[in-house]
Amino acid sequence: MTEKGPTPLERFINGILPENPVYRQVLGMCPTLAVTNGMKAAMTMAAAVAFVLVCANILTSLIRNLLKPHLRILVFTLTIATFVTVADRIIAAYMYDMSKQLGPYIPLIIVNCIIICRCEVCASKQNVLTAATDALGQSLGFALALASIASVREILGSGSWFGIEVMPAGWPDWVVMVLPPGAFLTLGLLLGAANWIGELAARRRTTQGVA
Amino acid sequence: MSEEQQNQTEVAPAPSLEVAPGPHLHTTKLSTRRMMADVLIALVPLVVAALAVFRMGAVMQIVVCTAAALVAEYLFTAMRGKPFSLGDGSAAVTGLILALSLPGTAPWYVGAIGSFSAIGLGKVVFGGLGQNVFNPAMVGRAFVMIAFPAAVGASAYVDTSSVVEAVTRATPLTALKQEGLPTSLADLFIGSTNGSLGETSALACLIGGLYLCIRRTASWEIPAGVIAAVAVIAGLINLTDMQAHWTVAHHILGGALLFGAFFIATDPVSSPLTPKGKWIFGAGVGALVMLLRKLSGYPEGVMFAVLIMNALVPLINRWTIPVPVGGPVPEPKS
Amino acid sequence: MKDNYLKQAWLVLLLALCFGGVLAGVEHSLKGRIDENKKADTLGQIPNLVPGAVSASFSNGVYRAVTQNGDHAGWVLLVTGQGFADKVELLLGLNADASQITGVYILDQKETPGLGNKIVEDEWRAQFAGKSTQQPLEIVKRKAEKDNEIEAVTGATISSETVKDMVNRAAADFRRQLASGGF
Amino acid sequence: MSTALQERPGAKTFARGIHPAENKELAEHQTIEVVPSPAEVLIPLLQHVGPPCTLAVKTRDEVSVGTKIAASEAFISAPIHATIDGIVGRPTVATLPNGRHVEAVPIKAGTQKNTPEEIKRDFLGGEWSTANLERFTSEQIVAAVREAGIVGQGGAGFPTSVKIALNPKKPVDTVLVNGCECEPYLTADHRLMLESPSSIITGALLTARASGADRVLIAIEDNKPDAVAAMEKAATGTPVKIVVLKTKYPMGGEKQTILSSTGRVVPTGGLPLDVGVVVVNVASASAIARAVLRNKPLTHRIVTVTGAGIRSPKNLLAPIGISYGELIEFCGGLTPDAKRIVAGGPMMGFTLGSLATPVTKGTSGITVMTSADLAKSEETACVRCGRCVDVCPLNLVPTKMALAARHHDWDLAKRYHILACMECGCCGYACPANIPLVQLIRMGKAKARE
Amino acid sequence: MSIILLAGAIMLVLAILMAWVLGWANKTFHVEVDPRVEAVNAALPGANCGGCGYVGCAEYAEAVVAGACPPDKCTVGGESCAKELAGILGVSLEQSWPFRPVIHCGAHYSDRLGRTDYKGEQSCTTANLVAGVQGCTYGCLGFGDCVSACDFDAIHIVDGLATVDYEKCVGCGACARICPRNIITMVPFKSRQMVVVTCSNNDMGKDVKAVCKVGCIGCKACERNSGGFFRVDKNLPVLDYDKYDPDNLDSIRLAVDKCPMKRLLFIGWPTEKDLEATKDMEAPDLVEADFKTTVDQTDWQG
Amino acid sequence: MEYLSTLILIALSAALINNFVLHYFVGICPFIGVSRRVDMAFGMGCAVTFVISIAALLSWLLTYYVLREGAPLTVVLTRDPTVDLSILNYIVYIFVIASSVQFVEMYVRKYFKPLYKAFGVFLPLITTNCAILFACLEIMKHVSGVSDPAQMWGVLESLVMAASGGIGFTIAIVIMAGIREELDHCDVPKVLRGAGITLITAGILALAFMGFTGVDRGLQKVLQGRDKAAESAEAPDASAQTSRNWETGI
């Protein structure tokens, strides 16, 4: 592979939509499903992931020349685990209720495929700047994905958004949406919708290209 | 050759001929549409019983669900760019079964959302009629039951202000589970109890169900398996626990068991293909129903039991591939 | 040979050492705050559970609630039990001689939203305050009439029963232990 | 009531299978007629299972009925004879209804030596003595049969000489003459049993002699009581026994006939030989008798031309190589609503793309289906109702095999034992969704074998 | 402070323990794997298309390393991939050409005789089992099994005849494998356009004429005019692509001109002349931003 | 007897009622990725169950003896009963998981060739399987998170929970694989093929599994109801002793 990879800016933009970690790469499903029954929790999770992703990418990029192939994954996971622990404690110290609500899903960021994937694919091969912008882009994409799912679930399931009532008074809450089945169904349908939109866009591109 | 061609033109008949693979004879007794019509016919006694017991509630629910199911089918098939498929009657069947599985007291949006999720999530996403893994009506019902526990849950059945006498009482299973009250067998048989619209009258379920089985639109193995499993398990419980308020007959006639066994579990699309598989499927449904009735937080378990067994159908099919007459195909010697 | 493996893994060892240290440092600086959070979670409810109490001391698994001037105001028990869906955790406030329930607070529950989770609502919980612990409470589906009756949450009999059972049992056990001079 | 029925109360049957409308009355009572010799016949050089024959005559050679025009050295093969008197034309090709594209040789008719009446007497009439058959050894019979080019006339076309020869490794104890004719519409075998029962009996005894079997059974479905009576009568005084089987499709399938009349199960992928049985069709039995006693090759065969799309259905004794079009013409032509011309019966027959297609040794009938017969032809969704499973005589799961084949999942098809399928068409008949199950399974079988 | 030390110490002890155990295990449980297999596998494009004749890229990698198969069989990876593999294996590469599918039939719907109304499964493989769908038993059936077999959208049915889009085709051979009539073969494209025989009918001219308006009648004009480059076998011309020299096509062009049925055609990528013809067409004015992807084929899917 | 019923409850809860995949959403990635074929799914399930048990055993040992507040080993070393190393929990667990996966992979590769061929390819994927870490975290919650030693999980409870979690994962993924094999032949809308339809199916499956809600409660009632009857017959006030914690249990 002699060709040069994308520039830092391209990587940043890539992460948001063209290579959205959730909708395009289908990574990091566990928090995507588990903490999206409300916007607040989802955004806290997104922030935690962003923190860990950026830190881990930067650190991995710094030590990329020292890595031995067979111990590479071990180093990644150690790094990530450390930053996750830090994030976990910070949340516990400053957002105690949120920490209780998110429960085991904060530590489970350790095994969030997005982070290991970015460490492996990008940070272990690129310089610090590239790694950092890549991480930011991916985090933003992840946050967007979480926000879209959480919006649907919170609005339908609780009639509110960020805890603020948005639906008319008589709205019967769709309890199923805040429960596990709702998470699966919402994400499944949104994935389909994302693919559909992608396809439409691609089709428009080709038809315009031909014309 | 030229002569032959002449031959051909000489005898070539006026009618337009076609070529096709065999067999060139087809049974005229059965078509997909006829099967759906059979189900609708078989549901008539249940509808009558529901109207007799629940009156306006039943009318509202049946109209809303069936109409919503047809609209949903139309919308979703249009979205997929598929030909118009209301004619096969499957959407009407789904809507009607869903309506009969809901309480008459449930508000209108429950039936509408249930029908949309039944057709959308239960059927269309899997590719339409014949390809759904789960029973669409039960997917719809499960969706609204979890979504609106207050409107479809056990407590929703009781409406103390209702003019219909049956509706003012708890459903037989709730009465048993929470208060340990038995219900008389005669009431369960005739259907003068509270419950989902279609499930109350064991008699109507039996009439419709037997019609389906005789027409072979439903495989008799499945209801037989369900009832056998329930009878055995309920019998064992009765043997070990003398204080059980419900006898075997109660368990079979009560709740949605017969409705489920004859109309829901027998949905051919989401049940196994071979007779052996059907027995396993039926027995599985029966066993799960008893497990959920006895242990879970819900008073009745037919819907969950059917959905869980639906999920297992591919595996059951896989494990019950029949051995051909004459034994399996020998491996080639090379 | 052993050195060889370790040599290969020097980076891992170094990182392990550093990370261990860093984490311990983080913990050191944040632990106080987190513990306070945890304590506040429970202690913050004490005044609501035991009238007049302002703080409590924890020993032997119960909180001994005291008033401003240090008088013994009552007890707060942390009770867990199996609810409809998952564990239910609640705080039960009793008066000083454990003869009366002074309050109930649901700390944690995952009951069905819109149905079972109504047990957290003040209105429903308020029914418990003032009930005597002499006779077990009962859940009824109509308006409560007798002294020991609690009206169930509509459509959530099981969740209501759960809370009632937890309260009954905890109160009875605690009374027995108090009587045997445990505290 | 025949004695056979009394001997075997509760005639046997097999599990599953179907009961399609028989429609045999269309041609059942039509006496066999001889088709006048056509102006030309086109004789395919491959009418059997095995390698094709090579031409033994040259263009413009003069041939007469029974002249051997093609043969093969291969063990599994059958020579081919001229079926009319005339002159050999230039070799060309013919596409047979089963899709085979084979070399064929035309013969232009000259003056015919035999009148139709003579031909009919030669095939069906006259004396068929069952006495003194011991004068023939097994080898003699097999050689005569081979020389006569007889192949299984049920359709598959397996050379009969190979089937009936003594097999030291697999001894045979029963000869089963198959007179079930379970295909709807077809009546050729039925007429043969009525009009020439003794030739069948003699052929059956000769087969038993050739294969070393000591029991001879003739299986007939109970929807042909007149044939049963005729055969009973002809069998009097011989060791031949008539077995009356319940009418059911596909009773005429080898495995089903054997199972129903002897209770033996032929293993999947095996032959009747594996259970000690030789099965010959009644037409083959008659041809065997003619080959051995009269030393005549297989040049004509009985073809039922029937169906709602034929103006006057008939049973015909036709020279092999005559075109389907001429036979149809002889029966008054097609009705305007004729839709499919099927070579063979409606269950397992193949449609014709061209009326010039020649009749072969395996052609048992022509069924013309009208648009009314085929009213239901739109494919709808499979609702997995399991009708195909309920009717499959081999206890297979046709819908799964067909769907696997449709999606090119050959492994899955194999797991469902697709190679055991005999393509009888019961599943396709019963399918309420009108899915071309048999076609898909045929494709799957071809691919799964690769 | 002591807790920091303690934590560090515990992590260190744990790390030493694990590193030691894993190091020991790595040595004790070591399994010899040819590193070249992995290298080859990494160099392959990973499309798992089966164009090489093996089940997947991994199996092909093993076969290549074992020497059972030349390194230039990967059509998707093309020349660069073959070079890379040759480099890994240290073998020299023979001159190879890109193999592309060619449809040996040139009849469109209107050219085919004896076509009937066909009811049944609409696919070539199944229709091929039914006699009389069309008169010709050799030619393209036009139901498009090859179209659905193609992962690259490079083959389409144009008026009843399968037609390859050489711009998109990568030469995986899926169409050639699925065609039930075997009328698609893989031909080495020694130049952008190759001469091919676009008929497969082995019958005599008279029989061909009865079923097709454009089929090869086996007249041998090509054999006579090309100086023996074409050889008519079973009523069809056969040409030897080993002898095919793209720079010396005079005799072939003569044969192409002389073919009465016009069944010898130049087929392949559009020539400059074709491109010239389309030059005046409007060029696409919308240019989409084309970010190179960073998602590669790593196994980090979970 | 009561201990046994506790174990049964833990097992049932982890395997069915609170299924790892369908209730806690852990292990979704392999659930979507490796559920195309039933045999592959079963291989993955077995591999996860195996590794999850090993990881659970190791992490229980480490948590109990080293990491929790007042862990015996730490106390011996520091002579300070309040020292709490639970900050190291996550990093230690992931360390243990990564190492044991690698160790198992090497071991199986060497000594069980066919087994390695069957599911060796999944082993590296397991490192990042949330289900394993989730099991460790559950154990942590029940070992270092509880103050009352009577409620603390022993090694057996931890193992049972982890193994039945793995079995629950296997059940879910095998069911899903069966359905997906079927869906290969279905006309699923193009945009939903792959992950989309898998998630929707999982959603319906989760709906169906919601039917098990409360089964643990019901079973507990049945099992302990019988225990209680037996106990009260023998020792009338035995319950006073066990009710040291106010676990009402119902």
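Lettered A, B, C, D, E and F in written order, each chain numbered from 1.
To be clear about the criterion, a contact is a pair of C-beta atoms (placed from the backbone, for glycine too) under 8 Å apart; a residue touches a chain by one contact, two chains touch by 3 or more.
The structure displayed is predicted, hence computed values, not measured ones.
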Chains in simultaneous contact with chain D and chain E: B, F
What chain pair shows the greatest number of contacts? B-D
Chain at maximum distance from chain F, centres defined as averaged CA atoms: D
Specify the chain most distant from chain E by Cα centroid. C
Rounded Å distance between chain E and chain F, as computed from the means of their C-alpha atoms: 48
From the mean C-alpha coordinate of chain A to that of chain D, what's the distance rounded to whole Å? 69
Distance from the mean Cα position of chain C to that of chain A, given in whole angstrom: 34
Cα-centroid distance, chain B relative to chain D, in whole angstrom: 46
What parts of chain C, by residue number, touch at least two of the other chains? 8-9, 12, 16, 19-20, 23-24, 26-27, 84-85, 112, 114-115, 158
Which chain B residues touch at least two other chains? 1, 5, 16-21, 121, 125, 128, 131, 143, 146, 149, 297
Going through chain D residue by residue, note those that touch at least 2 other chains and give them in order. 92, 350-354, 377, 406, 436, 439, 442
Of chain D, residues touching chain B in the complex: 15, 18, 20-21, 39-40, 42, 92, 184, 255, 259, 265-270, 309, 323, 325-326, 328-329, 333-342, 346-356, 367, 369, 373-374, 376-377, 380-387, 389-390, 393-397, 399-400, 414-417, 419-420, 425, 428-434, 436, 438-439, 442
Over in the complex, which chain F residues touch chain E? Could you list them? 28-30, 32-34, 66, 74, 77-78, 83, 85, 87-88, 91-92, 95-96, 99, 102-103, 106-107, 109-111, 124-125, 128-129
Which of the residues in chain A come into contact with chain F in the complex? 26-27, 29-30, 33-34, 73-74, 77-78, 80-82, 84-85, 88-89, 104, 107-108, 110-113, 116, 176, 179-185, 187-189, 191-193, 195-196, 199
In the complex of these two chains, what residues of chain C are touching chain E? 1-2, 4-6, 8-9, 12-13, 16-21, 23-25, 27-28
Which residues of chain A touch chain C in their complex? 63, 66-68, 71, 74-75, 78-79, 81-82, 85-86, 89-90, 92-94, 96, 100, 157-158, 173, 175, 178-179
